[in-house]
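We call the chains A, B, C and D, going by the order they appear; numbering starts again at 1 in every chain.
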């Protein structure tokens, strides 16, 4: 029994995400209804028609799909264009123990948990309790919640209860106030990543990274450009995301 | 005993990659020698001085570092800016069974193996035997070779011996000739990624994807922009990589 | 007496363009009315309040402003991000005689006319008569119409009545059908520019440019990225224009 | 008699710029010599062979060509990707009177002079005398020097001797120190442009623009991407210019 799926409109190419469909008998679109039996009996990739005859492609939901189409969010999230690269640049692999400050809606924790599973763990700190509940709900996806420990703490006043982390990710408003604590919790030489949206924050973070003797400092921005895919008229899309954040990497010096 | 390390010049910020250092007694730079005892006794992140007094930061080598600084290559490789996103967009996770055509120097296989370890496996096809040997050497990194099966075959004439793949990655010169075979080896609804550098190839691939009834077709380009990190003069680097390839994703229709 | 102006909302920073205001007694905004006497008596750059007290900055209209905010359009236009560079790359200067095919709404003709005034002239061909009327209306701006000659002709069947052009600009759907004619009308060695939106068109144009022995062929794309300007939170805008067209330059070989 | 030309190598597509050729009898390339008679007798766009038989395309030199290939420079210059847009955004047209601070090698003055000729003038201030001489040499191109007035003054201590400018362009290291003076010299509501390379400078300029009551503030960055032009393998160039400067526009408030 599928509990979630995406239907892609065969005409408009719009995506519709459905969840908890194992408890329903049919799902409704603006262009008609589809029975859950059809959803369960047809393989992914099938064309299914609504009772009005409109065709949809039945599609499974992987982690990228979930973050783009299914994630419940109350915050700005770390988008796949950034999160997969961050996870890769941090060198995350099965078994790693990773610190996160600023769980938010959990999108970054999902990607990092997927990278360190099944033997590693993400230790995520978040001062706003309701975001922890929201992120836990998202992290049920593919049981990623099994690879995350949650702490409802504010690092501007609280301490980090763990240490010897293989990597750290910080997404908070004034990260310079907590970077020394985060650095102290890292293993020697390990990488830290900080995500901030403004020039002003980049400058403050760079100043603090010098103060705490981090090295191999890198600031990066990632852009993804999409294209229209009609074979006779291939061309870039008219508009694109121009900014999410500046990504700052460094290693802990000793 | 460390078998590889990176030294980052504290003045110029240049990287020097060393391997097989467990068999040496010292390593040599243009600015003097460093004893292997120092490399082994100091923690990562330490400043070590050459016998001439020049300072270097001692740094461990993670997968991103290895691909950027250590990889032996005889081909154009898939760079981290593309490979981590591709792995993420394909939804790779522990346990997945992934098809690859065009192993090349093994850079993409390394990233995908890291994503599906410890329970998954990459099945990689490469028609040029010497690239398999080269890639095997690279894949010794972090024992990633344990998660890759190699086939020295040419898909324009040979068949794919496996099936039921969770995802596929194709990096070959005329991919349209083999996409039907690759698609046949995928599970229903699963994602395929094709990487090509030219407009002309994008158009041919898109035509073939229509013919083999793939859907949810997306063409993307990824850019990473680096910045100079002096806190008083933060600014983008003067030059950047403008193109590696167009990344084409689709799902197998049924 | 001003005949046009822009009001910039001091709170939202929205632009409102007004024209033919010399015939009115007041102008109306969603936030109240402003008398034409105020518009005429206050210098540009002044803050003027509506009868409801809402503040606007009174602003004159230059060519860039007109194209962005005042142009009447029924077609895709050549935007300033492209048109000023094209005019510059073509080497346009006072006195030049320039050929244009595809007048459209006249945005490119305005920029080129501004570049060759007061002694030069743009000879613009357009097969759709109503666009000529539309463009003429736009070209009244700053009397630029004085520097444009209009021909209601279709170059796929008609001939070019002039010759010895210093430069040429082509913005049409299948430019490869007319490039030989355009090239014949150019002086030896002079530059031609073609604007097309798709990969497929770029390929066809490049093939034709080889056939007609053009050289120094260049294909370019221009991007402009805007920033939010609050001094304490400077950051790139979230979204940007990702594509208007590919700009193809060449010189006429002999 | 031509006094300058460009030869484009028909094989490598490299450009070679020559000047003062009216005083020579032949010009020399690595691949052989060409007589000045050939240069003068063949029209632009011709293929000319060296005495060793190597083919070159003979090409005239327009303003864009001169800035890219002929300009004598001792400074970072404003490149065409930025300068033509700046001139356009400032609304420059024949007859305008424009202020410039920071003449440098004269590249921006050339573009602005070309825009305001024949009836306008650029008033350019430069504190380093030798740059004025250098720029004057460059501005001999196409007699653009006729449209520029030079002042060897340092605006951090000296005053601006003129007023009622239609537009202003500032390219100096700490522009915030002089913006009030520049603003005072502008006509009401007119546009100013400031070019700076770093985040830190952008922030300081934005603060000062608020202090001097400028409005309609815009910060922009321009990118140009080049493509390889073989019709069968069209693709973006591998590398591109990623940064020259941030372009800050505003209008003078009253």
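The rule we apply is simple: contacts are C-beta pairs under 8 Å (C-beta built on N, C-alpha and C of every residue); 3 or more make two chains touch, one makes a residue touch a chain.
This is a predicted model, so every value here is computed, not measured.
Undergrad: Name whichever of C-D and B-C has more C-beta pairs touching across its two chains.
TA: Per the contact counts, C-D leads.
Undergrad: Would you mind working out whether chain A and chain B touch using mostly the same residue numbers, over half shared, or mostly different ones?
TA: same
Undergrad: What is the distance in Å between the mean C-alpha positions of chain B and chain D?
TA: About 42 Å separates the centre of chain B from that of chain D.
Undergrad: On a C-alpha centroid basis, what's the spacing between chain B and chain C, in Å?
TA: A distance of 45 Å separates the two centres.
Undergrad: Rounded to the nearest whole Å, what is the centre-to-centre distance of chain C and chain D, using the mean of the C-alpha atoms as each centre?
TA: That pair's centroid distance is 21 Å.
Undergrad: Please output the residue numbers of chain B that touch at least 2 other chains, ranges allowed.
TA: 199-200, 202-203, 225-226, 234
Undergrad: Which bits of chain D are touching chain B when the two form their complex?
TA: Of all residues in chain D, those touching chain B are 197-200, 225-226, 232-244.
Undergrad: Under the touch definition given earlier, write down the residues of chain C that touch chain D in their complex.
TA: 8, 10, 13, 43-47, 57-60, 62-65, 80-81, 83-85, 87-91, 93-94, 111, 114-115, 117-119, 142, 187-191, 199, 202-203, 206-207, 210, 215-227, 229-231, 234, 246, 251-254
Undergrad: Across the complex, what residues on chain D touch chain A?
TA: By the definition above, chain D touches chain A via 199-200, 202-203.
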